[in-house]
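Pasting the structures in now, so scroll down.
Look for chain A in each of the two complexes below; its partner is chain B in the first and chain C in the second.
The block that comes next holds the complex of A and B.
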C-alpha cells in the first residue's frame, strides 16, 4: 500500500511514532504477499542445493546430484557406444525404474535438506520473522514444501533428462521415448511431492538438531526395506495380493506401481499392481499421502506461535 | 576416594535425555515394525528359512540394530555438546572415561531393550532355532555400533548425518557390492557370530576368531578413544 505508507511523510507530521530520530522512512512501493512468497520460494530452492550458503552446505547436495547423474551417464555411454554391438533398441534401465535403483541417494538428499528448510526456522525461531511479513501461515508452509518438492524433483529428473537426451542421440524411436520420458516425469513429480511431504512432516515435528535427519531416514529406509522384504516373500510364496498391498507403504514402490498402472511402464518391484481396482488403490494412496502430508503440516503450524 | 568406573547420576540423566520427547518414540517404533513384520511373515509362509533370513538378517541385523544404536547414542552426547551444557558435566571431578562409560551403559541398555530383545522375539516367532544366535549377534553388533557412534559424536557436530552416510554407503551399498568390506564391517562381524551359533549362512569366509576380537576391539577401543577425545575437548560454534 504505497499511498498509506507514504502519508506521514507527505503531511510532515509523524503519526504514532514514539521516537522520531529523524531517519527517512521507506516510502517506495511495498510488495504484497505474492512477491514475498515467490522470493521465499526461490531462496528455499537455492538453499537446498547450498547456493547462497557456505561451501560446506554445498558439498552434500552437489555430491548427491553428481552421484545421481553418474549411473545415467554411464548408461548413456554404454547405449551410444554399444547399441549395435549389444542389439539394444530401448533404454538399458527404464526411466521409471531409475528412481527406485537410486532410492538411497534420494532418501539421503531429502533427509538432509528437509530439516535445513523446516526444522531450523522452528529451532532458531526465525519463523516469527517470516510470519511478521505479509505472508500467511498456510502460504509459508506451502512455499517451504514447494521449495523442497522442486529441489527433490530436480534431483530425480536430472538423470532422466540425461538418459532421454542420450537415447535420442543414440537414435532410439523419438515418439516412444518421449512418451515414456513424459510418463517418468509425471512419476518424478509425484515421487518428489510424496517424499517432500513426508520428510517435511517429520522434520516439522522433530526440531532437535540431527534428530530430524535420522527420523526422516528411519521412515524412508525402514518402510522401503520392510516393503521389499514383504514383496520378496509374497512373490516366493504365491501371496501376490499381500505384496501389492505392501507396495502402498513406501513412496518408492507406490509411485513405481502407479507408473506401471497409468503408463504401462516396466515394473521394477516383484509385485506391481495387478488389475484396475488395485491400480486405483495406488492412485488413491498417492493422493492421500500428498494431501495428508500437506494437511498434517498445516495442522502442525497452526500451533506455532508467531 | 577410589575413582568409580560408572557414575549412577550420569546413567540416570542419560536415560532421561534419551526418552525425552520424540527420540524415545522413534526407538519404540523400530522394534514394533520388526515384530509386526515377523508376525506377518509367519502368517504368510510359516517357519521357512527364507522368511526368517529376510526379516532377521535383512531388516533386523542390518537396519534395526544400527539405527537403534545410532538413535540411542546420538541422544546421549550430541545434545549436551549442542547446547553447551556438556561443560558443566566436564567441569565435575569425574574422569572423562567414567563419563563415556556411564553414557555407553545407557546406550547398551537401549540396544538390549530395543534391538536384541525384539530380534530375539522376532526369531522366536519366525524360527526358534535361530533365536539365540540372532539375539547375541544383535547385541554384540549393537554394542560395537554404540561405541563407534559415540566416537563420531565427539568428533563432529554432524554425527548423525555422518553416521547415517557411513551406514548407508559403507555397510549397505559397498558392503553389498564388494566382498572385501566384510573385514571392516560391524554388521558382517555380527553376522559371523550369528552363523556360528544359528546354523545359517550369512557371510562367506569370515572366521569367528577374527569377528569376535574385532567386535571387542571396536567396543573397547571406541569407548577409550571417545574418553580420550573428551579430555581435550573444546566447544566450537555452529558452521
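The block that comes next holds the complex of A and C.
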C-alpha cells in the first residue's frame, strides 16, 4: 500500500526546512552619520506618500497628489488647445496663485502626513529605538522635518512643473516662463517649509494621531479663513494696511505676499504687501516662522525621554 | 578588559538619587543586573548608552567614555527597552531592516542581517505581518531582533521576560544564554525576578536603591545554597519516614512545601544517599531537584542597604 506508507513521511517532514546555520557575525562596511541620515530621510519621504507602508496609507496621499495635478492638467490642456482661440499669452492661473487655489488639498495632506511621520514615533515610543542608535537627537528632528518638507514641496511643485512644461509646449515666451517658474519654485520651497514646520510642531505636541490631524487642519484652515476674511473687510473699509498685516498670519497669504514682493508675481490676495518696509516684514515673518518651528521642535524633543 | 566599567558613577535627579557611587565591572558572557523596580537599572543602561549624563563619576563601554563617545558606543551596542516601542503598522521584517540601516548597515546587508536575526529569535512567517497583531512573546522577540541586527559587541536587555508566560519566558532566557555563549556577544540583562537570572548569567550584579549590593560570579551565589528538593511516595507518611532516615544518616533535612523534603547538600554523594535511603525504605522517588534561592537570599541576608565591597 504505497499511499499509506508514504503518508507519514509527507506529513512528518515540513515542506520547507530551515537549517540552522548558526550565528554569523557581520564583517561588512558600517556607514557613517551622513549616509545613515540620508537613508532615514529617504524612508521618511517614501513613508509620507505611503510607499513601504500598507496599501491603505498610500490612498490619501496619492489621491491628494492626483487632485493637485488635475486642475493643472486641465489648465494646460486649455492653454495648449485654445491659446489662439482665447488669445492667451500667459498662464491662465499664475504659478504663485496655484497653491492658494489648492490650499485645502495641501492643508489636508500636511495634516494627515505630519502625524504619520512625527506623532507615530512618539506614540509608539519607537523614538527610543532611534535614540539608542548613533544618530543624534537634533539630527533625528531635522531629518524628520526635512522629509515632511520635501514631501510637501513635491505636492506643491508637481502641478507647477506640469504647467511650466505645458506653457513651453504652448509656445509661451520661454525666458519669461522659466523666470516665473523658478520664482514659484522658491515660493513652493518656502511654503512647504512653513507648512511642514508648523504641522510638525503641532504633531510633536499631540501624541494621539487623530487629534494631531484635527489640530493641524484647524491651525492651517482657520488661520487662512480668518486672514482672508480680514483682508476682504480691510479692502472694503479702506484699511489696506490692516489686511497687509493680517496676511502675515497664514502661511499661504504670507508666501504669496513674499512672492509679490520678491518676484513681482501677480497678487492672489486682496491686500498684497505694499512698499519695501511691508515687503521686508513679510521676509522676516517667513524666516521667523521657519526658524521658530525648527527651534520649537528641537526644544520639544529635548524633553522627550529616551 | 571589562566590557563595562563604572567608577563612582552617580546620578541624582531633583528628588531622588538613582545611582549612588556605583563601581561595577562587567566582563564578557552574560551578566545579570538584578534589582527591584526603581533600583537604578534603567538609569544605568541609559547612562551607558550615552543618552543621560551622569552627575558624577565615570563609565566606559567597550573602552569608550560614555560622556564623550556616545555615538560610537551606540553603534557597537544593541538595546532592547523595557517598554513597548514597536509601531503597530509595519511588519517586524521591515522594521528590523530599517533599524539595521539606522545602525549604519547598507540596505542589502541590513536585509540579510534582519532575515538572519529574525530567524535566530524565532519569528517565522509572522515577521511579514504588521506588529500590531503580535502576541507579547512575539513583540519581545521582535524587540530583541532589532537589538541584534547590527551585530553589536554588547547588548543591553532591559527586562526581556517582562509580561511573558512561563514557556515564553523559558524560550527568551534560552535565547539570552545563546546570545552570550554561541553568538559571542556580551550581554547585560536586567530583571527584578531574581530566580531567572541565575539560570542564564555567568555573573550577577545586584543593585539596591542605586547602590551596589553585591557583584560576583553566579556560581558563588549558588555554592552557598546547595539544597535538594525531594518528593517520594508509596506510603501516606513517606516523607516523614525518609526525613527521619536522612537525619539519622547525618544529613540536614526539613519539610518543604507540600509533602516535599528539603535536603542540604553536603557533598556530591548526597543525591546518592537520598536515592539509596529511598530504595531501602521501599518508597518511590518521584523527583529530586536542585533548589537555589540564593540570589534572593542576598537581599534577605545582606539586608537592603548594607553594601558589601565588591
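Everything that follows uses one rule, which is that the second predicted complex is superposed on the first by the 282 of 306 C-alpha atoms of A that agree within 3 Å, B and C clash if a C-alpha of one lies under 4 Å from a C-alpha of the other, contacts with A are read in each partner's own complex, and residues count from 1 in each chain.
The criterion applied here is as follows: a contact is a pair of C-beta atoms (placed from the backbone, for glycine too) under 8 Å apart; a residue touches a chain by one contact, two chains touch by 3 or more.
What you are looking at is a predicted structure, and each value in this text was computed from that prediction instead of being measured.
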With both complexes overlaid on chain A, does A:54 touch chain B (first), chain C (second), both or neither?
both
Between chain B and chain C, whom does A:136 touch in the aligned arrangement: first, second, both, or neither?
second
Touching A:204 in the superposition: chain B (first), chain C (second), both, neither?
neither
Partner chain(s) touched by A:232 [first = chain B, second = chain C, both, neither]:
first
For A:160, decide between first (touching chain B), second (touching chain C), both and neither.
neither
Which partner does A:221 contact after superposing on A: first (chain B), second (chain C), both, neither?
first
Of the partners chain B and chain C, which touch A:111 in the superposed model: first, second, both, neither?
first
So, A:120: does it touch chain B (first), chain C (second), both, or neither?
second
Check whether A:28 is in contact with chain B, with chain C, with both or with neither, and answer first, second, both or neither.
second
Take the contacts of chain A with chain B and those with chain C, and give the residues found in both.
54, 57
Using the touch rule from the top, collect the residues of chain C that touch chain A in their complex.
46, 49, 51-52, 71-72, 74-75, 77, 79, 81, 83-90, 94, 98-99, 101-107, 109, 113, 116, 119-120, 130, 146, 150-151, 182-184
Over in the complex, which chain A residues touch chain C? Could you list them?
18, 22-26, 28-33, 35-36, 39-40, 43, 52-54, 57, 120-121, 124-126, 128-136, 306
Help me check something: in the complex, which residues belonging to chain B touch chain A?
21-23, 26, 29-30, 33, 37, 40-41, 44-45, 48, 50-51, 54-55, 58-59, 63-64, 67, 70-71, 74-75, 78-79, 82, 158-161, 164-165, 168-169, 172-173, 239
Any idea which chain A residues touch chain B in the complex?
54, 56-57, 60, 104, 108, 111-112, 205-206, 208-211, 213-215, 217-218, 221-222, 225-226, 229-230, 232-234, 236-237, 239, 242
